[in-house]
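Look at the two complexes coming up: subunit A is in both, with subunit B in one and subunit C in the other.
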Partner chain A sequence: MAGAAQHRGAFWSEVWRYRHFYLFISPFFLLFAVFGLYPLGFSLYLSFMKWDGLTAPVSVGLENFVMLFSDEMFYTALWNTLVIGLMYVPPMFLLAFIFAGILNSKRLHLRGLFRVGVFMPCITPMVVVAIVFTLLYSAESGLFNYVLRAVTRLFPGGPMAPIPWLESEAWSKVSVALLLVWRWTGYNMVLMLAGLQGISDDYYEAAIIDGATRWQRMRHITLPLMRPTLVFCGLMSLIGTVYMFDEVFVMTQGGPGTSSTNFGLYLFNLAFMDFRFGLASSAAYTVSIAVFVVSLVILKWRRPATD
Partner chain B sequence: MAGHMRAHELPAPRARGIKYCVPEMLLLVPLVLAGCLQAPPPPTPAGQRVIVEVWSWNIAAGSLMALVPEFEQQHPGIEIRIDMTGAQMQSRFLLSLIAGVGAPDISQLQLVDAPKFAPSGALMDLTDRAAPYADKFSPSFWENCLHEGRVYAIPWDMGPCAVFYKRDLFARHGIEPESIETWADYIAAGKRMVEASGGQTRMLALSVSGLFQFFEMLMQQTNGGIFDREGRIIIRSAENVAALEVLRAILEADIAVPINTAGPEYYASFQNDTIATYPLAVWLGGSIKDYAAPTAGNWGVFRLPAVAPGGLRTSNLGGSVLVIPDQCQNKEAAWKYVEHVLCTKEAQIAQYRNFDLFPCLMTAFDDPLFDEPDPFYGGQKVRRLFAEDIERIPTLTRTKDWNEAMRYITQALSAWETKKLDHEVFLSQMAVKLERQLGREIAPGHEPVEGG
Partner chain C sequence: MCGKVLKQGLMYAVMLAVAALFVFPFYWLLISAFKTKAQIFVLPPQFFPDPVVVQNFADVFRATPIARAFVNSCVIAGGHTLLALFLCSMGGYAFAKFPGAPGRDKLFAFVLGTMMIPAAVTLIPVFIVLTRLHLVNTYWAMILPGAANAFGIFWMRQYIAANVHDDLLAAARIDGCSEFGIYWRVALPIARPALAALGILVLISSWNNLMWAFIVLREKSMYTMPLLIYLLHGELRTPYGMVMAGGLLVTLPLIAAFLVFQRSFIQGITVGALKA
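The block that comes next holds the complex of A and B.
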């Protein structure tokens, strides 16, 4: 006991001794407590409540979770999220990797210009992007269908026909996925470029002396050493896909039907359209736990293979 | 330990930092002083002026602003501040009601949102003050401002519907707008329009994701609805089937172009030949004037086609109300302003004349403004046309769940169209879905049918 008390005393005297430094770092912790920790705790509390935001919350136990798991829209939203994710993440990774490889090449001129060019989409305000894409996707007069029509004229009888990008349940996910590839390739490319630049040239020189082919160098040096970067990109994409909102909200509002309603939009609708804050909190917590578990699994692969 | 060492090396640069800061601090002193001197509002000699803050959006806010000087002249003790809050307004308003502070003294709300806020207890009960005006507003609107017989909102503008059309296209293809009396006539005219223009001109814009708005418009013509006055579900009804039949007929006639209402392409179409008519509410006129001013004179309006010969030839889409939050400190002053802008004929007429906000106050309809020819519509007296039969529009009971129900129906209408679902089956499915999701009961006589 005395030992513990002494230890505690030592702890506080250390804190007092460095009080100025703690004072300087305190703004972050204060802000985090108010805007991060408190909402986290409050939404956990809300997930066991029924609350419309205006009248007093009523405790409902686990009813929100029961309701959530019996809501077909919850599953539809998760399914749509998964499909959109599978549609855009692989091509985006491939493109980002290729662009990063090109930009990493020492023979390339105007590297900064290209880097900015590829990165630009992800710093453009999303609402502007979505509105421009809505125009590009227009069934009647959009650029994409204009090109498709021109191709059809050149090769009559071909399978190309105007596509109802945003107007059909079959195409709406594809349209969202294409937008996401365009928007997020640059972001992942910058991360991957940093990863590539972190790989020492010595490995490649040694491998070349050993007579390794291009593919062998890629397979046994670049990819293993890039693993932490790829895992990080994967994690960011996972979280981004689940909580994506403005892309879908501005471009399709989740439609037609429910074909492009992802989890982020589902959550928004529950909370801010229907004022069901309890149900929305329980949905958010359920999916956050799932995302957390999947993240742990992904993180297991983070360490670079050194064999 | 290393951190410990480094920590003790820090004081020197820190001291230097402070020294460098001193001149800058001195520069700040006058600014701070100026701030202090400005901070308290100067007391007016004629006693305290009460400030009333109003939240509103775009055109409506402009309209309120135009009425301020006159009001302040009549009420020297009141100062009105209009805050044009934009798209975030509803969530900000909700947050301020939850927090119990920060709400404005008066706020604009969409008509469909009013029933969501009314039962909360966060809005001022206006029943006694509004009593003299109860029968002066459009009845279909007034009903939605009530909750359990108490008044929580005052109707502002409404959206009576008609069909805007382009005169040159109708003349070129020899179609008489006056000959269109029912939706069947409209479809026939549409087919002629498409054929005569070689497919270049379509009759209207109607996209899969925008079907609900059209359904809502038709539903009022057939006296259908989603909820009855007790809040029970009445979506499966012969009236709604009749509305869906019209909608399906329009879609199957292949006279529509799949463009979203209120999208950029839609606005662009005001100035080209892709779309001939726009069956929508009176407020579309404001947008046409904004986006296509050079087309003035080429526009005309004909009354909304009826579902059956002799049927109702109008409907309502949209509209807004003003509410006073219960946390308002100057309720008396706030009410005076609401009363002035919404319950007086003069203010309503000024708003309609200058900002195209169609008055909900029916006593305004006998104003000569309604019989003035409008040059934008080739001299047609469109205002009178919009005012006609407004009192006959049936009440669409919204309830607080209207937006949620609307979303489910919007989503399902897409499948109804693409899979060509039977109307009864579709409405039965919706009844079941609404019952489950909203926890409301289905009214007797509106139970889902077999196969639904």
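The block that comes next holds the complex of A and C.
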């Protein structure tokens, strides 16, 4: 009894001794509690409520989740997210990998200029970029169609018909994907360059002595050792595609129809256009948990292969 | 020998072409800002504005509160960044340099765990909180959320733990420096590179933020640059000349800063990769 009290006294005197520690972290935790923790719990609570933000919330049990999984638009949004991701991530990875290789070869000049050019899209306001691309994509007077027609005019069959980049359901995802490749290649390039620079030259020298071909060195040294970097880039792309917003909000408004509505825009519309706070919260939770699980699966591949 | 030179020359040509392709949309933004709406849509496209028109800039300053929006953007991005840097560096310093504090490791593990929370989940409740605190349509609605950034505290802790030596702190303590003074005058100056990288990351995402501005800023006098341009673009019969002029004005400061401090920028944008 006395021992416990003494122990407790010792604990509090330790806390007092380290009071500056708690003082220093308290502003962070205060703000974090208000804008991070409380919202996290409140959002979970809202998942089981029907609420428009004005009238009193009504408890509806699991109805939001039932409604979510019977909402055709939910599946459309997930499908669009997947298709856009599959359209832009592979070419972006390939380009970023090649560009990183260029930046990593020390014999080349102009690398600084190249890096600045390719990286520049990553820092600019998406709203401006999306508007510029809207102009470039314009079917009648856009530069892309102008150039395509000018080039195809030289071939038999004459100039091709203008592509309805943003006007047709078939092309809208392609247009978004192209914008994303342009926007994020530089980011992945820089990350992959850091990965390449982390690989010691010794491996390559030993492999060359052993007579390994260029392809064998790529296959058995570079790719296995780049695995953590590639996994990280993959994770960022996954998260970025699911929660992407500005690109589609500005350039396509999710259309034509619903052809380019990804999950991020779907969620935004549920919450701040339809004011279905309960349904939106359940959608956010459901997809966030799914993304989290997929991330864990991807992270399993993080460790560099040792074969 | 000749083949090698040719190959190298070809390589440079490809590199220049690729870089030009990536920079091209910025060029298009630049020249479109100096075209009339008719010139923007004319065929064949004008690769150089003929004539060069500066009317768009006069128009956008006359017809929209863009000067005010620029000030708003500066206050919001600056305030948000300074607040985030202060909170994260002070917390990171505490986590790095008070190893004996009871509960330290548990608290830090907790912070790390919250890095996984996507903003999508907290979007609605944060809006509700701001509404209840009567902060909607104020600078605070843009400055406060996200300033307590879990990644930021992690990043500052790593840097301070590795670069600020305990002897230095002990010496300052013996000299009678206050605990806050030790953080402010000893640890912070050493952590400058980490502050710069984190600051750039936070500053850019704050400056470019459209969605949150769209949700919480209601009155014209509160608009940020991205929101103003978005709404201008959404107007009936979009005034493209003004949109492009305004777009150039919101993009230019970032590009100028990027060209000067490109190394810090690239490091700043990619600090998250540290986790990999």
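One rule holds in what follows: the second predicted complex is superposed on the first by the 283 of 307 C-alpha atoms of A that agree within 3 Å, B and C clash if a C-alpha of one lies under 4 Å from a C-alpha of the other, contacts with A are read in each partner's own complex, and residues count from 1 in each chain.
Basically, contacts are C-beta pairs under 8 Å (C-beta built on N, C-alpha and C of every residue); 3 or more make two chains touch, one makes a residue touch a chain.
Everything numeric in this text was worked out from a predicted model, so none of it was measured.
Placing subunit B and subunit C on a common subunit A by superposition gives a clash between them. Set against each other, subunit B and subunit C differ in how many residues of subunit A they touch, and the higher count belongs to C. Of the two partner chains, subunit B is the only one that A:Glu169 touches; subunit C does not reach it. Contact with subunit C, but none with subunit B, is seen for A:Pro121 once the two complexes are overlaid on the shared chain. Contacts of A:Phe35 after superposition on the shared chain: subunit C is touched, whereas subunit B is not.
Once the two complexes are laid over each other on the shared chain, residue contacts for A:Leu62 go to neither subunit B nor subunit C. When the shared chain is aligned, subunit C comes close enough to touch A:Val250, but subunit B does not.
In the superposition on chain A, no contact is made by A:Val151 with either subunit B or subunit C. In the superposed pair of complexes, A:Val293 makes contact with neither subunit B nor subunit C. Within the superposed three-chain model, A:Asp274 lies in touch with subunit B and out of touch with subunit C [touch as defined at top]. By the document's definition of touching, both partners, subunit B and subunit C, reach A:Leu135.
Stretch 167-175 of subunit C is the one among 77-85, 113-121, 149-157 or 167-175 that clashes with subunit B after the shared chain A is superposed. Within subunit A, the residues touched by subunit B in the first complex and by subunit C in the second are 18, 21, 53, 131, 135, 138, 140-141, 272. The touching residues of subunit B, counted against subunit A in their complex, run 7, 91, 94, 97-98, 116-117, 119-122, 207-209, 257-259, 263-265, 274, 401, 403-404, 407, 410-412, 414-415, 418, 437. By the touch rule above, subunit C contacts subunit A in their complex via residues 8, 11-12, 15-16, 18-20, 22-23, 25-26, 28-29, 32, 40-45, 86-88, 90-91, 93-95, 98, 100-102, 104, 107, 114, 116-129, 144-148, 150, 153, 179-180, 183, 204, 207-208, 210-211, 214-215, 225-226, 229-230, 233, 240, 243-244, 247-248, 250-251, 254-255, 258-259, 262, 265-266, 269-270, 272-273, 275-276. Within the complex formed with subunit C, the residues of subunit A that make contact are 11, 14-15, 17-18, 20-25, 27-32, 34-40, 42-43, 46, 53, 99, 102, 108-110, 113-129, 131-133, 135-136, 138, 140-141, 143, 146, 182, 185-187, 190-191, 194, 228-229, 231-232, 236, 239, 243, 245-246, 249-250, 264, 267-268, 271-272, 277, 280-281, 284-285, 287-288, 291-292, 302. Within the complex, the subunit A residues that touch subunit B are 18, 21, 52-55, 71, 131, 134-135, 138-141, 164, 166-169, 252-259, 261, 269, 272-275.
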